[in-house]
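Look at the two complexes coming up: chain A is in both, with chain B in one and chain C in the other.
Up next is the complex of A and B:
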C-alpha cells in the first residue's frame, strides 16, 4: 500500500500532522497503538479519508541502501509493505512507548534512531517531585531539518515531531509545513 | 527485576490508565458491567489467588476487543475476560445458550424444514414463548434458514469449479451455509471471474465463536481442531467472507483456546485481503460495469478493526466507478453474535448500537456494507436498510465476462 505520508503515532501531535497532510491533498496513513486525547480528531481524520490503523504499531522497517526508509510493516499487516514518500515519527514518550527505558539506557524502538539521555542512571530524576525532571528532556536527536539521526547519520525521508524530541521542542507546525511542501 | 513475562495476556503491563474503560461501549450503557479494567487485569490478580473472585457480570462483555485496540500497553484485556469466562462462567440459561451457540447442529436440523422453521420462528406466539421460557428476546427475528445448503449447491457445481486451473479454498462459515448461500454464490462468481475455481475444506465446522462466548470451551476446542486440521491440509489459500470467523480462527484459537495457529495464520484470510493483494501484484484485474451506480456506507466491524483489515475492503470498494462510499465512524453495532439475542442483553445491545444507527440514518445511503454477518442482522433490524458483504457488492459491480476474459491466461 502506497501513501504520501505514513505517521508512527502515539503523541497527540500525530493527528494534527495527519490532518495537515490530508488538507494539503496528500494521502496519509496514521498508525497508532493506543487511544489518547484527541480522539475526536482521529475520527475526523478517518472520516476525511485518512487511513487510520488503530491498535497497531510499526513492527519492522525496511531500509534503503542510502539509509532512508524504504517501507514499514505493522503488527497487524505483517506481510504488507507500507510505502510512503515521507515518514513521521510522532510516537510520544514513555507512556505510549515512543521511547523505551531500561536500567542501561533509553532507546527509540520503531526506527532505532539515536536518543539523547544522561548516561548516569542515578541522574535521570531529582528528588524534588515538583522540580523539572531530567528524564523529561531525553529524546530523539535530529539534524536542523528535523531528520532523526541513526548512528549519527540523518534519515532523510523521516521527520521527528512532538514530545519524542530531545529537549522538548514544539515543532508540530514546522513539521506540518515541511510535509505540505515535500 | 522480573526478566521474563510469565502471565497470560500481558496483564501485569496494565498501567491503570483507564483508557479501556473510556472506550468500552458496554460500560457506557450498562451499570452492571464492571468494565474492562476491573474485569480484565485488575480482577485477574484476585482470580489468580482464588477463583471465587470470578464475577458473573463478566458475561456482559461483548468481546468487541475495543479495549485491546485502545490499550497503549499491549494488554490483551478481551482475551483475559474470554479465558476466565470459559473457565468459570456459569450460565443461568444453559439450554438457551447451548441452542444459540450450536449453529452447526441447529442449522443441519432446520435446513431440511426451512419454510416451516422460518414460518414458526417468525410467529408472535413463538417469540413470546421463546422469550418467556428460553430467555431469547422477543424483539429479535432469527435469520431465515435456507432450504438448500451452500455446500450442497457448490458440490453440484464441483465439475465447473474443478475446470479452473487455479483454485482457492472457501471457509464459508455457518451463516453462508445454512442461512444465506447467496453470499457464497457471490464469492464463487467473483473468484471465477478472477480465474479461480472454488473448493471446500475437507471438513468444516463452526469456527466456534458462539461457543467461546457461551463458555462451551470443550465443544469449541473440538470444532477448532477439525478446522485447523483441514486448513493445514489445504494446498491453496483459504479464503473467508466473515471477519469474525477469520479473527476467531487466526487469533482466538491461540489466545483463548490455547491452540497454536502461527503456521496457518498467513494462509487464512478474508477474500478482500487476498483479492486486494492479487490486484496490487498485478495478478488479477477487475473490470467494472460502466453503468453501475450505488450510494453505500461502510461499517467497520469490531473484529475487522482489531485485525486492521478494513483497508482491504474499503480500497476494493473504492475501485468501483459509480460507487459513492461513505465511511462510518468506528462504533460497535452492539449485537456481538448470540449476545444480542438474549433477553437480558437486548436493551444494552440496542443502546450500544444507537450512535451507529444514527450515523447510518444521517448518511443518506441506500445500503450499508460490512464484513460481519451479525452486524448485518443488527443494522438491518435497527435501521431498516439492507446490508451487504463487500464481496457481494464486488460480484454485482464487475462485468463478469470482461473480467473473466482479462484474467484468463
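Up next is the complex of A and C:
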C-alpha cells in the first residue's frame, strides 16, 4: 500500500499530525499500539478517511541506498509493504515505547535513530518528583529540519515529532506545516 | 507524680512488642515514636520469619531463638505470617561441603532441615536455578512486619497502653543519676511536653545509640546498611536461600503480591541512618547475585529499592558487620552505667522481637515488684484469634481478612464501605476507615504500612488520587487530599529512582504524567 504520510504513532498528539495531513488532501496511515495515542481524536481521523492501524506497531523498516526509508512493515501486516512519501516518528517516549531503556542505555526501537541521553543511569531522575525529570528530555536527535539522525546522518524522508524529540521541544505545529508543504 | 510505670521509646516491632507485653502484665505503659510505627529497620527488611537455619552454622544461639520464636509466631501472629517454607539451594560453585555442616548445625539448633533431591526442589519451587546440585527444606516463612507491629500496638492499646506517634524525644528529665522521664516534641506542630515514668525503655533500634547518649550512657553500635529490591511479581512461592556462608543477596522472600531480594551489608555513618539511599552499585550487585538464585529475576520488573540499618551492637571490628552476633542485648543501665530508671533493648532481629520484649518486660516487672508472667507466647495477637468464620463472597472482605485477620469484624462493608480503593492490593474503603479509627493513621504512608495501599505492582499510580481523597475524608479533613497525595508520592519516588529503567521507567513516566504537574 502507498500513502502520502505514514505515522509511527503513540504520542498523545500523533492524531493532530494525521488530521493535518488529511485536511491538506493527503492520504495518511497511523500505526499505534493504543494507550495514550490520539487521545479521543482517532475516530475523527478514521471517519475523515484516514487509515488507522490500532494495536499494531512498525516491526521492520526497509532502507533505500541513500539512507532514506523505502518501506515499513507492521507486526500485524508483516507481508505488506507500506510505502509513503513522508514518514513521521511520533511514538511518544517510554510509556508508549517510542523509546526503550535498559540498565545500559536508551534507544529508539523502530528506526534505530540516534538518541541523546545521560550515560550515567543514576542521573536519569532527580529527587523532587514534581520537578522536570532528566529522562523527560532524552530523545531522538534531529537536524534543523527535524529529520532524525541515524549514525549521524539525516533520514531525509522521516520527521520526528512530539515527546520523542530530544530536549522536550513541542514541534507538533511545525511538523504539521512541513507535512502540508511536503 | 509519675504518670506511667513504663515509657518505651521506639515504635518498631521491639518497642511495640514490649508495650504489648507490659500492658498485658498490667503495667501503665506509654509507647512513644518519632515518626510512625515500623519506619526504621522493622519495616525495612526482607519480611522473613527466619527458621534460624541461616544462623545455624555461625550463631547457634540465635538460630535456636529463631526456630522457637518462629513456631510461636505462626500461632500467635497467624494473620501476619504466611507459612511458605524455605529452601537452601547449593549452586555448582558453592559445592556441597557447606550443606553437610549446615544440616548438622540445624539439627543441633532444633531446626528441621531436610535434604531433598534437586529435582524435587525444582518441583516444589520451579523458579529456582535449574543448575542446583543440592537443596535443603527448612521451615522459613514470610511475615508482614508492618502488620505485626500494628497488631502489637493495637493490643497494647486494647490493654490500656497509650501510644504517641509523631512525638520525638528531645531530652531526658533526670534527677542526678535517675531518669525520671522525657521531654517530647511533636514533629508536626512543634508542641513540647514532658512525661514522667518510673522506667524508660530505649527500643529505638540504631537510633538507640543517640537516645542512650542523651541519657548519659554510651552504647557502641555499628550501623550496618542492608539494601533490598522489590520485584513486581511473586516470582517464587517459597523463601529461597543460598546454602553458603551468609553473603550478599542470598535470600529471596515472597510477600503478598511481590518478591524481595536482599541484602547487602555495609557499615555506614550514623548521620546517614535517617536517609538511606540505595546506590546504583548495590542495585547491580543485588540483581546479579539474585539471578543466580532465581534466573527469572533478570526479566522481572524491579518496582522499588529500599534500605534499612541493622542495629548491631559492636562486639569486634568486623567492617562489614555481617559476623557480629545477632543476639539480643538487654542493658540495665543502673548496673552498667550507674543510671537508674533506664533500660536499653537492642540487637536481635524481627523474628525474635517477642522474646526481646519478654526479657525486657521480665526485667521491668522484677524492678517494679510485679509478679505476672509473660503471656505473649500463647495469647494470639488481635486478628489471629482462632475463630470459626464463614468466608465471605466479597473479594474485598477476604482481602481485608487476609491482612487484618479477625479484626475484619470491626469493619463496615455496607454502602460505600465495599468500594475498592487500591486494586493491586484489594484495599477497600471499609479497611481504610478501620485503619483510621483504630490504628493511628495520619498520612498515606501510615495507611500504606497498615493496609498495603500503594505497595503493589503499580506503586500507587492507579489508585493514588482515590486513596488520598478517601483517607482525607475519613480523617475529617477533605481539603487535605492533595497534600496527602504529594507527600506520599514524593516518598514513593525515593524508592523508584534507583531502579528507573525498562518497564519501571515506563511506569515512572506514567506516574509523572498523572501526578507530576
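As a convention for this text, the second predicted complex is superposed on the first by the 178 of 182 C-alpha atoms of A that agree within 3 Å, B and C clash if a C-alpha of one lies under 4 Å from a C-alpha of the other, contacts with A are read in each partner's own complex, and residues count from 1 in each chain.
As a convention for this text, a contact is a pair of C-beta atoms (placed from the backbone, for glycine too) under 8 Å apart; a residue touches a chain by one contact, two chains touch by 3 or more.
Since the structure is predicted, the reported quantities are computational estimates derived from the model, not experimental observations.
Trainee: Between chain B (first) and chain C (second), which does A:25 come into contact with in this model arrangement: first, second, both, or neither?
Mentor: It touches nothing on chain B or chain C.
Trainee: Which partner, chain B or chain C, touches the larger number of chain A residues?
Mentor: B
Trainee: Would you sort A:152 into first (chain B), second (chain C), both or neither based on which partner it touches?
Mentor: In the superposition, A:152 contacts neither chain B nor chain C.
Trainee: Check the residue A:101 against both partner chains and state whether it touches chain B (first), chain C (second), both, or neither.
Mentor: second
Trainee: Per the contact definition in the header, classify A:135: touching chain B only (first), chain C only (second), both, or neither.
Mentor: In the superposition, A:135 contacts chain C only.
Trainee: Would you sort A:125 into first (chain B), second (chain C), both or neither based on which partner it touches?
Mentor: Once the two structures are laid over each other on A, A:125 reaches chain C alone.
Trainee: So in the superposed three-chain picture, is A:93 touching just chain B, just chain C, both, or none of them (first/second/both/neither)?
Mentor: Only chain C; A:93 stays clear of chain B.
Trainee: Does any part of chain A touch chain B in one structure and chain C in the other, and if so which residues?
Mentor: Common to the two interfaces on chain A: residues 95, 97, 103.
Trainee: So in the complex, the part of chain A that touches chain C is made up of which residues?
Mentor: So the residues of chain A touching chain C come out as 93-95, 97, 100-103, 121-122, 124-125, 127-130, 133, 135-136.
Trainee: What residues on chain A touch chain B, complex-wise?
Mentor: The contact residues of chain A facing chain B are 1, 10, 33-36, 43, 46-47, 49, 51, 53-56, 74, 76-80, 95-97, 103.
Trainee: For a test of understanding, state which residues of chain C touch chain A in their complex under the given definition.
Mentor: Residues 279-280, 284, 486, 489-490, 493-494, 496-498, 500-502, 505-506, 508-513, 515-516.
Trainee: Provide the residue numbers of chain B that touch chain A in the complex, in ascending order.
Mentor: Residue positions touching the partner: 1, 15, 17, 19, 22-23, 68-74, 266, 277, 280, 305-309, 311, 315, 327, 329-330.
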